[in-house]
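Have a look at this one before I ask anything.
Chains: A, B and C, in written order; residue numbering restarts at 1 for each.
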Amino acid sequence: MTVVEDATDLLSPRARRRRLLRKRLARRPFALLGFAVAAIFILAAIFAPWVAPYSASATDFNAVLAKPSWDHLLGTDELGRDILSRIIWGARASIQAGVLATCLAMAIGVPIGLVAGYYRGWIDPVISRVTDVVLAFPFLILAVGLAAIMGPSLLNATIALGVGAAPGFVRVARGETLALREEDYVRAAIANGAGDTTIIFRHIVPNMTSTLLVQATVTIPAAIIGEAVLSFLGLGVQPPTPSWGVMLADAQSYLSQAPRLAVYPGLAIFFCALAFNLLGDGLRDALDPRTTR
Amino acid sequence: MADTLLDVRDLSVRFETDDGTTQAVDELSFTLAEGEVLGVVGESGCGKSVTMLSLLRLLPPTAEVSGSARFGGIDLLAASSAQLKRIRGREISFVFQEPMTSLNPSFTVGRQVAEVLQRHLGYSRKAAGARAVELLDLVRIPAPESRVDEYPHQLSGGMRQRVMIAIALACDPKILIADEPTTALDVTIQAGILDLMRDIRDRLGTAIVLITHNLGVVADIADRVIVMYAGRKAEEAPVHELYEHPQHPYTIGLLGAIPRRGVDRLQEIPGLVPRLSEPLPYCAFAERCPRADRRSRSEVPQLREVRPAHLVACFHPGSE
Amino acid sequence: MGGFLLRKVGAALVVIVLASMLVFLGVRALPGDPALALGGEQRDPEVLAQIRHDYGLDQPLPVQYIHWVGHVLRGDLGTDQRKLSVSHTIVTKLPITLELAGLAIVFGSALGILAGVIAAVRRGKASDYAATTVALAGLSVPHFWLGLLMIVLFAVDLHWLPAGGYVPFAQDPLGNLEHMVMPAIVLGAGLSAVVMRQMRSAMLDSLNADYVRTARAKGLSERSVVGKHALRNSLITVTTIIGLQLGALISGAVITEQIFGIAGFGRLTIDAVQQRDYALIQGVVLVVAVGYVVVNLLVDIAYSLLNPRIRIVARPS
């Protein structure tokens, strides 16, 4: 007679893994910190109209390049706009770009990687070569090219970033598919006559979600930084719409007078990216079967 | 009567991991004489490898080792790092179980042999290379001059094992510890390796500790045998004595499990080797023993000499 | 080794050809009529038609492609808007960026490898956590921001280093290095973070391997065990990573040159696009793609040199 030790025994394998994951994550304070900070940024971006003390374009020519004060917690820029508010509003553009670019990269990359890893044959080397070719163009050049063809805008920057990040997902999806299709339950399903679509959607995809999640949490900060780079170069968000990259571009001319114009937006990018990276790192660690905690 | 090379007393090894503690070895004592071949026998998990690894302090940091192991006037378990490094590879050598992964894939086998010569005996690079060829010849690798520049992945399992033995012998050690040297190899190759070990014993006079779960191998080459169970010594005797008059029910069980002509059924020993977190306060074999009684289940049997030079830890010893 | 090399080079060539086609088509896809751009102020359709004919723009695309390839192989990448030879412009600007990238790679790899080894050897202790956190921070910092801050600190406040610009090495070696220090550090910082993490991971794997235990059993010094046996195998993995980072390095070079006012290849790229200078864009992007493929090929070769298993096909024995 077997005795049920605790409720965990009654859960399905996947649910048990999720609970284990949550426990292991809880033991990693840095990952939780990352999660919290990332959440703060995201919420700030969503609720910007209510959170930001001023509107992003409210100028005040009496208080140009002002030092931080109770009126303007982080000071003002060269047009008297409140820096803190611009940072909060800027979070919208940056996080939007980061998240959407990552989603786009996933939407493109995962199916391609799946096909390559599952069907192998002749299509696998072809896909690998094409991925190499895309990688032969650093994403910046791609973005620059897209901007030249379609004009600079946040949307185009997001697309360029998404396309640039897609090969990463192709690789991960392909790797996972290759490994997963050797699993016993997949072979059992094939032996039982399951069709390709069933196997892919019921057995393979659900089991790669955690790895994809890790890849996503590290792609987002790269995309956020990427958006900043593009906007900095004038290829992304166009002024006067605020974005952290635009703010940094504006700050260049005032480096000696008011370095804080460059420091604050940069710090925002830094902390936001760091938060996602900490979260992604913690997730990856928690999912790694080699670590014992 | 040859000199005692190694004197191990009350060796205990515990592993402390996040998953829990495991008592791998419990107050084990044994000696090894010069030029002797000692067989250490037992199932997987009985602690035989751990015992020998602990002598050279090659266990992972989660291991806690206690007891003493006297060799050449010092206690190996208490020796300083510098002393230990002088002994490893030079006075006491270890041949690992897995020839596949125990050799560095990025260096030629010649370099890996030469390394010990340069380190311990001060050979120059060239002289070490030449001696490496001689050593490869000693372990009967054909065409050693060309093999010496090859990488491990270019050699078969049997040859890799021979390379490991060559490395172990390079500095003419007093003791060679071989951990399951034939287990990972084909049966046909096994015989060759055993021949080689016999040769080493005869020609070089090295003392050998042969760890194995294969009683057939032990019968071939050992002078004396220790049978281990669950981290303790169950029986110890000269080899012929053990095979002709086994005393411990576990040894009898193991011998019964050797395939023999004329015997149709292999005798299994029912049950599994226990995984202990604390040393048991009674006979570890009691659960699986046909002779177990109330005493077996309440006291630890101590080693007693029941026949000349033949020790057993059992309340009911005796050949059937 | 020969066969292996041939296959790799062949594959690289295929990628180069595909990339060149992509470049060719991409540029043709840009809006605007090239004839107008080439003709300057001309609006007369007949003159434009003549220009089109002169430049072969009225030929079918595949023919144009072949012509273009022919020119390229002869080293002629055409002329840009200001009637300067594209090849000449690229050849003068490329070495600047190559120097920058080279310094950045050296700095980034050295720092990353060193930090990674230390973190792995001291796993779980304070220095490990410190190094890993710094590496993570390095990944999160937008390095162009780092550049701006460094300019503020070292150039504006402390006046230790120049704020920007470039001096050729041949002209003034010390001045050249002074100008290159900050950009190289900024560019290499991101690389060092990635390298450090990969190195740490690879070293941890190596240190747990059986052959390291064998090395210890041989009585080798700890320095030999870590520095020779474990390190060798880890470097193999890390070399590939460095190779993969080159794309990011090129992107990074573009921005770094922008910030530090270095008129190098990166700047050239941005300028070309902003000015819609098609011939220049074409040349630049082609060079980038080819260069990237070549470097990847070199990395592959280096990898195979380090990893004997790839280089030597095992003899059946």
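Assume a contact is a pair of C-beta atoms (placed from the backbone, for glycine too) under 8 Å apart; a residue touches a chain by one contact, two chains touch by 3 or more.
Predicted, not measured: the structure shown is a model, and the values here were computed from it.
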| item | value |
| --- | --- |
| Pair of chains ranked first by number of touching C-beta pairs | A-C |
| Chain separated most widely from chain A, comparing mean CA positions | B |
| CA centroid of chain A to CA centroid of chain C, Å | 23 |
| Rounded Å distance, chain B centre to chain C centre (Cα mean) | 53 |
| In the complex, chain C residues that touch chain A | 11, 14-15, 18-19, 22, 26, 29-31, 133, 136-137, 139-142, 144-145, 148-149, 151-152, 156, 247-248, 250-251, 254-255, 258-259, 269-270, 273-274, 276, 281, 285, 288-289, 292-293, 296 |
| Residue numbers on chain C that touch chain B, as the complex places them | 209-211, 213-221, 224, 229, 232-233, 236, 306-309, 312, 314-315, 317 |
| Chain C-touching residues of chain B, taken from the complex the two chains share | 56, 58, 84-90, 93-94, 96, 98, 101-107, 115-116, 119-120, 151, 153-156, 159, 164, 167 |
| Residues of chain A that touch chain C when the two form their complex | 30, 129-130, 132-133, 135-141, 144-145, 147-149, 221, 225, 228-229, 232-234, 248, 251-252, 255-256, 259, 262-263, 265-266, 269-271, 273-274, 277-278, 281 |
